[in-house]
Amino acid sequence: MIDFLYGAAALLLLLTGLGLARMMWGPAPADRMMAAQLLGTGGGAIALLIATASGITAIIDIALVLALLAAFAAVALTLGEPGTKQPDGQANP
Amino acid sequence: MTLLPDLALVLLILTAAVWTVAVRDRRDAVIGFIVVGLLLSLAWVRLNAVDVALTEAAIGGGATGLLLLRACARLVPRPAESVLPHPAMRILTVLLCSAIAAGLAAIVLMPVEPPATLAPEAAASMGELGLGNPITVVLLAYRALDTLLEKVVLVLALIGVWTLTPDQFWGGAPASLRAQQSSGALTLLAQVLPPVGVVIGVYLIWNGADHPGGTFQGGTVLAAMWLLVMMADLREPPEIRLHSLRLLVILGPVVFLVAGFAGFWIANGFLSYPPAFAKPIIVIVEAALALSIAVILGMLVAGPAARAPR
Amino acid sequence: MIGTATVYGLCASGLVAIGLYGLVLHPTPLRKVIAFNLLGSGTFVLFGVAARRGGAAGFLADPVPQAMVITGIVVAFASTALAVALLLRLQETGASSIETTPPEQQDNGAS
Amino acid sequence: MMPAGYATSEGGALLVIAVMLPIVGMIAIFALGLRRAERIAFIILPGGLLIALAIAAEVARTGAAVTYVLGGWQPPLGIALQADGLSATLMVLTALILCAVGLFARGTFSTPPDMSEARRPMVFWTLMLGLWSALNTVFLGQDLFNLFVALEFLTFSAVPLVCLDGRRETVQAALRYLLFALIGSVFYLLGAALLYGAYGTLDMAGLRLQAHYNPATSVALGLMIVGLMAKAALFPLHLWLPPAHAGAPAAASAVLSALVVKAPFFLILRLWFDVAPQPGNQLAAQMLAWLGIFSIVFCSIIALRQVRLKLMIAYSTVAQIGYLFLVFPLVMASDAPSAWQSIGWTGGVLQLVSHALAKASMFLAAGLIAEALGHDRIDNLNGAVTAVPISVAAFGLAGLSLMGLPPSGGFVAKLMLLTAATETANWWIVAAILVGGILAASYVFRVLGRAMAAPKIGFKTLAHIPLHRELAVLGLAISAVVLGFVPLQPFAFLGIGRVGLP
Amino acid sequence: MILVDIFTMAAVGAGMFFFLAGTVGLLRFPDTLSRLHALTKADNLGFGFIVLGLLPQSPDVLSGLKLVVVWLLVQLAAATAGQLIAQFVGLERRRDPAA
């Protein structure tokens, strides 16, 4: 069982790693952000698998934090962009 | 055989890092950096450093990523980036970097036997304090001075950021963190997530005495929740002249200092704790520190004041 | 015999080299700051390797370097925040800054 | 693990107070500063000076280092603070300069009556106190990671001071300073990681007992020293310093040039003599000295060509830092029974102290001249002597130390270095000291010549400078001169508590 | 006991399958929005199945509870991030129709 879980974690790492190709190819920032997103959730899943396999329950907390902050980068991506209305109401060139 | 996953993870980290440095667009570089941070938190799990993994997950994925993406959004013109320096300079740098990497790798490949460690010493004295998490014990007892000074460094960093306030805005509020267009999804997230996040943050702080977690991880999660609320435009960043804000910033260092000086009377000197009360004192100090960290991190991301005080 | 720790030690060496390369060669401050963070991460992983190798007395890893890394990460974040604030301010002060004293004529290139 | 054996000594609590008192003041200003920033600072300043003097007195009285083990946790697990003769000297020096600078800044960074709090006073006084605590920690720390935190503490106090007035060049200078300092810190930390991996301790005394030459130790020390060199602005890593030190307000420049760059040098000294396996590496010592020689010659020439007074003084700082790095080969080649009894060591420390006093005085004098004349272009300094005579006199007196002319601390220091270099047949160093003196004389006299010249027609003073500010400047310059009357031999005090001495 | 392990293997395997599908979608689909769609769906299901599979293995109630919370948080994050990224794509398109 333990080997299976570790194996699953390794396989999942490989899968999310493949997702990194999308980060490099892009072409839009959104595509790259998706790869990061995949890594956030995939990383959480990997942490859960390792936590169960190793019996170190504290590793679940890492998944907890990763999941809690999973949407953060995506939110930050939509922060005031150049070329649009800035928060203070001054348009940028 | 069992090393293969580790090798794969290392390969991914290095690939993402190379891409981060090589990519042309600065925002892409930030995304690459966030990815490196996420992968690194897995690496820390493999290094059996769960506390560090938690810190990396909270900082790399959350706070630093947000800080850098916000910077990207505010840097208005996008000049032609990666103007390559002179080839000779590049070759020289490559040589220098390779030499340093080779030196480090060579040392890493020749581990000392038996491994150098302070783990036995750390374990031997833990019993006196009644805490279960050795890292918390190192941070708040054995090496409490480092932690205290580091918190002062955070306060100084905040003062440093505030120094950059234009004089006419001194005392006012930092620029809003609002996203460029309002979105129902974001508002919903900012309403649902913070209560959960606060519980998780408090859990990490409380749990940190005996299990992985602690002040900084919990404080960062709290800061992240506050920042989320600000990004969804449910709250504005506070004015930097506010007394309550200032008091929250110094709360942690002050409680730590008081506990430290109290050691002169109730134990044997600065930053020493009487064994019977060590745990409650440390938990109180941690709670105060976490609150201050949350406020400082939030204000560090928010930046210098950009509006005159009302 | 190469162990887990060694693999990450090599990872640390690589991160240090990549970060240093970016820090020295990137002309724009934001990219330098990102590279600095990579360099810092490499340094921290090196501490992690020492910690993992030093696991003893019932601890899977030596707690002392781990605590140092946590302190280091906090400091690195503070540095990043200050650097970002400085580079944003540098942009704001562009050409239209109101100068209280005569401009310095000496300006040794851009950072 | 060899026990390092620290024990809290009588008066050890003073060390804790020396580190914490400025922090308490800083926090108080931050929280309730509002209008009280200056008043709080003026409680802390004399208090800190008294503490530093008390520590020095304790070291002198007991003839041994004063030690404090924090929380009772024995290093290497815990952290100890220790003041030996050298640290006590530097702490007193720091306290004196900060008090003088405080006196100088009094009134200039006060909050205008119509505001509840202003940016500049709040930032200036909190950072100044932060700086003080950071410097004391650097001088007292015995643990390499604790010292890393102290160095970062120092950086975070110093960088914002550079861009206090918010002009573009100063922000740029601050950013560049920060980036250099960060590279330096990371290199230092890399070295610390390697040392921990090799020896399982970062306590200096523990390392001294265990360290031996192997690749890990050599690479670690090399990385740490290079990192500290970047922070100390040794040629060719000095590019950040001149714009940063010239851009800061005069009071801050004085502290940055006099004290802040000395902290990383102090750590190089400690790494070299207290951590590295002895005897040190001859090649490395020669390399450091050569970089010092380049600093002296190149930066003095650049200083000579500056148009603005503050930039000239800043380049002079880089040159004067160069002298400090001459110490390594001189001490190694000396036949004194221990490093601390060699004349090269004493000369180096005296150079550090006298440059600190002289340079602080010079920057402050330059600040007053700029305030009085409204600019600091060297070619237009005519009439400065009528506007701020005391400051010009202080500038001249401080200049003696830089040139190495008697009577001045700089003279004694350079004479000692020269003697040590001649004794050990380091002729390039002899040449560099002589050439550096001539170059320093040229740039100092260039300024004095202008400042003494008759004012142009229509000359008028822009600002009246209160006497206490000029006296603070003169006081520092006179201290630098008084150092010139110390005997030309190693002082026992500087050796107290050092390894290898009874 | 064996039954529980078989359940875990099956569920985790299913989860892996959906992650695989998500990754393939991310890599192979022609445009940003369809990639996003594939990713969010697959991610969610994949994570859900993995949590489902791990639940019976959790040593105590708190850990099990945390697993469920993690899953809920991932759901929320994926939904929000998906929407925000889609919005962002729309915004970029409007600004630069050529892209």
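By written order: A, B, C, D and E. Residues from 1 in each chain.
Throughout what follows, contacts are C-beta pairs under 8 Å (C-beta built on N, C-alpha and C of every residue); 3 or more make two chains touch, one makes a residue touch a chain.
Predicted model only: the values in this text are computed from it and were never measured.
Trainee: List every chain that touches both chain A and chain C.
Mentor: A chain counts here if it touches both chain A and chain C, which gives B.
Trainee: With a step meaning a move to a chain it touches, how many steps does the shortest path from chain A to chain D take?
Mentor: Step count on the best path from chain A to chain D: 2.
Trainee: Could you name the chain whose Cα mean is nearest to the mean of all protein Cα atoms here?
Mentor: Of the chains present, the most centrally placed is C.
Trainee: Decide which interface, C-D or A-E, involves more C-beta pairs in contact, and give its chain pair.
Mentor: Comparing A-E with C-D, the pair joined by more C-beta contacts is A-E.
Trainee: Counting only C-alpha atoms to place each centre, which chain is farthest from chain E?
Mentor: Centre of mass proxy via C-alpha means gives D as farthest from chain E.
Trainee: Using mean C-alpha positions as chain centres, tell me how far chain B is from chain C in Å, no decimals.
Mentor: Taking the mean C-alpha position of each chain, the two centres sit 12 Å apart.
Trainee: Using Cα averages as centroids, what's the distance between chain D and chain E in whole Å?
Mentor: One centre to the other, that is 56 Å.
Trainee: At what distance in angstrom does the C-alpha mean of chain B lie from that of chain A?
Mentor: Centres of chain A and chain B (C-alpha means) sit 18 Å apart.
Trainee: Take the average of all CA coordinates in chain C, do the same for chain E, and state the distance between these two points in whole angstrom.
Mentor: 32
Trainee: Hunt down the residues of chain E that sit against at least two other chains at once, touch-wise.
Mentor: 69, 73, 76-77, 80, 84, 87, 91
Trainee: Two or more other chains in contact with one residue: find those residues in chain B.
Mentor: 70, 74-76, 100, 104, 111, 115-118, 122, 142-143, 146, 150, 153, 157, 160, 164, 180-181, 183, 186, 189, 193, 196
Trainee: Specify, in ascending order, the residues of chain C that touch 2 or more different other chains.
Mentor: 16, 46, 49-50, 53-54, 64, 68, 71, 75, 78-79, 82, 86-87, 89
Trainee: Mind listing each pair of touching chains for me?
Mentor: A-B, A-E, B-C, B-D, B-E, C-D
Trainee: Which positions of chain C touch chain D when the two form their complex?
Mentor: Touch list, chain C to chain D: 16, 23, 29, 32, 36, 39-40, 43, 46-47, 49-50, 53-54, 64-65, 68, 71-72, 75, 78-79, 82-83, 86-87, 89-90, 93-94, 97, 99-108, 110-111.
Trainee: Quick one: in the complex, what on chain D touches chain B?
Mentor: Against chain B, the touching part of chain D is residues 1, 8, 13, 16, 20, 23-24, 26-27, 30-31, 68-73, 76-79, 116-120, 122-123, 126-127, 130, 133, 137, 145-146, 149-150, 152-153, 156-157, 159-160, 163-164, 166, 171, 190, 194, 196-201, 215-216, 219, 223.
Trainee: Would you pull the chain A residues touching chain B in the complex into a rising list?
Mentor: 6, 9-10, 13-14, 17, 20, 23-24, 26, 29, 32-33, 35-36, 39-40, 43, 46-47, 50, 56, 58-59, 61-62, 64-66, 68-73, 75-82, 84-85, 87-88, 92-93
Trainee: In their complex, what parts of chain C are in touch with chain B?
Mentor: Listed in rising order, the residues of chain C that touch chain B are 2-22, 24-28, 30-31, 33-35, 37-38, 41, 44-46, 48-64, 66-71, 73-75, 77-82, 84-89, 91.
Trainee: Which chain A residues qualify as touching chain E in the complex?
Mentor: 1, 4-5, 8, 11-12, 15-16, 18-19, 21-22, 27-31, 33-35, 37-38, 40-42, 44-45, 48-49, 51-52, 55, 57, 60-61, 63-64, 67-68, 70-71, 74-75, 77-78, 81, 83-84
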